[in-house]
């Protein structure tokens, strides 16, 4: 498809500040998995646990930790952060095809919108009045920018992305297909047995270097804004409720839901399908493991969990039936232990 | 952006039937959060728990419960349902920009479709034969209405919404971007080790005043229809399976899944990321807390849960390991208690 | 809408190889639920548990298991797999309206794309250079095929489906609206307190006869491809991470998430909202019940669970509080049982 780029290993070592081990003239055209890489392909090994794959690799070269240098049978770039270095080289070898500059004749752009000269607007895109698209930004086919939406320089909306009115996206952001930014938050007031819609008059403010996955939805604020700070990475199919704030460089995996008005700190890692209730605060540097349920604020950095692991179904059912009587079981244990071990009773969660 | 509307507090009191406290000539142009509202902004306080914020507010006026009148340092509208009253005033102060009436020249409308004269059809929308769009309905950019789809009067499809053949949407509904209504249900018959597709020949019927969130999917019936009754509110990224029925004025938060043929009653509240199995019935006025799993019918109104709360990961792991032996632990307790307390044993869930 | 097809029961018996019971001249025009079917409608009964509905049916005819023949008050087609037979007849009675062959004038097709003469491309679709659309394939309105995407013969993309560069879709596949295939996997390397994007240079390979639900997202591989084998059925709102492989004829219900590099075997059934962690392997013929969490490889076919069932909220809260002390409770039981039953202690999950 695209003409492959090719680089010599020695050139890569200089460009990325690595120590070179072996022949600088090895020519590399692309990256590949360690197991399948061939002589013109670069691979990497970040994790010493996988060093058993080293022996048999036929890769042209590897990016590895210096500690693995002796075990590596092929030329290598040595660096303390092989994954990051590999990512940079992969970006060099596999550049995105450049988008066609200018507004496609099949795009619909309101006269009152401002599109930078170096931006690209694809076929079928619709850009409303007062929307702004920054320099080198790419608005892919089928994307919709509503009134007053702002897309920062160098940001890319892949395809069929929808940006509601007045939402602001920073620079160098990547929004994958089907993402919806700025839809109404879920706000209703009970009113004589029915639900009365509460107008969602806030917006969404997204910082720089944010990536947002396919079909992820971020709601606009009810009053005040929903805020995604710089460097946040959101995977696919995530729900971010109104007035949520997510701190810089936090990463959230697919399928997570964050309910309204919750604040998540900086540098958190939220694994897939975690549910986070509304109106709580999670401090910086918190890790939540997959499928957990977060119903209270988390005030201490650390790793947290709440999802039971898989069991054979019959056994699980028996244990789950016992869980329904767990309070009674604990009381029985207390009764049996009598007054012999009050400390123990307390440790069992006795509340009376 | 839009020219702000401005209203005097006294006018609002009359229009919305509130008791006025303080200066009727305060001019208000928009709503804002209690903490940040300035002199031309209206805010509200529904919950007496937050009365500590009252003292310092600089809002032009507040909508509050009469019981808080004395504590309120600024002019106020007194009403028994501050949230609903505030919602109505917010809608007045922040009207949606009117959609351009008529069919955009970049929309594609089949000659056999009927579009009301007062309706709006945006650029890039595609409307197939025999589809109907009611008076004052708004079909946003990139929306697709397939053959025979019906959109009731005053309903709004924001952008990139897809309506499959013969689906019927009522009046005054709001469908957010990326919603998909009427895709095939997940119906397959096992057939010699493979799956044979079961044609999904039913449709989806959606009542009046229904709101459907971004990227939510509602499947058409297998045979017979999927039905969403009047006033139901569905948040983002919800899955509604084929032949489900959801009763009037039920509200369902983001990320919920409802499997096929299940019936949910009226006025239920299902919190985020709850999973509801197929072929069961949930009665009216049931509340299910976030991330719960519903595998059996619920026959009594009330509040229900099933998701464990978060713990520090190491501690959680130890407890989860014990859970895998919970049936054995219960048996041990029974053995220890011997014949001393048969009632207790029963309460522990002993099945033998 | 469409002119109904009509068939005589005797014709259907011959065509589908069923034993006919009753009048071969009954005329059938469509399928309907057992409870509501009228004299020109066909229904079916696969499950003997529902035989009570047989008595009162007014259907023109039924497709049933031979064992139910005597209990059936109306004409019937007898077959050992009533559901599959019914599915085939339903497809005959309810054919999809044929798509208009050719490229719609409002579609945007790059000169370098290859569109088969018998294919259909709808209004608003965008097809990039080097993309290929096979014979009789249908690319619905608003779909986007990026550079080098390949759609096999007879496959159908309903509407607003997005296919990223170089993704390959097999033959006879069905992709529902809003599906996104080939977006970037969630790959970032930590780099001085920020996340560095790892280019996702693999692709997605989808076999034949695969169905993909509305708003489902399948990520392209990081290096190497994400692979969905023949006959896999994916429901709505599913997340498939980068480099996942899903074995032939596996069915996955709505809302499931599969994290990166995990392999799922053939003929598995994964119920709704299950979460499956990355880098594990699930063997063939595994069933996972709804909302379970899979954190380790599964090496034995069988049925597995991990989601607690619903309880009244107050009771659940008490039991959940005890769960937080479950390790302590188990220790208390051990202490009480003393040295009387070491086997019991082991069975309780004692690790010391």
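All chains are identified by letter, namely A, B and C, in their written order; residue positions are counted from 1 within each chain.
The criterion applied here is as follows: contacts are C-beta pairs under 8 Å (C-beta built on N, C-alpha and C of every residue); 3 or more make two chains touch, one makes a residue touch a chain.
From a predicted model like this one, the values you see are computed outputs, not experimental measurements.
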Size of the rotation, in steps of 5 degrees, that lays the CA trace of chain A over chain B: 120
Chain C against chain A, contact positions shared by both copies (same if over half, else different): different
Whole-Å separation of chain centres (CA-atom averages), chain A against chain C: 25
Set of chain C residues in contact with two or more other chains: 124, 142, 160, 178, 215, 237, 255, 273, 307-309, 311, 323-326, 329, 333, 336
Contacting residues of chain A [partner chain B, same complex]: 108, 124, 126, 130, 142, 144, 146-148, 160, 162, 164-166, 178, 180, 183-184, 186-191, 193-199, 201, 215, 217, 219, 223-224, 237, 239, 241, 255, 257, 259, 273, 275, 277, 287-289, 292-296, 298, 302-309, 311, 315, 318-319, 321-326, 328-329, 331-333, 335-336
Partner chain C, residues of chain A touching it in the complex: 1, 30-33, 36, 43, 81, 83-84, 86-88, 90-91, 94, 97, 104, 106, 122-124, 140-142, 158-160, 174, 176-178, 209, 211, 213-215, 231, 233, 235-237, 249, 251, 253-255, 267, 272-273, 290-291, 307-314, 316-317, 320, 323-327, 329-330, 333, 336-337, 341, 344, 347-349, 351
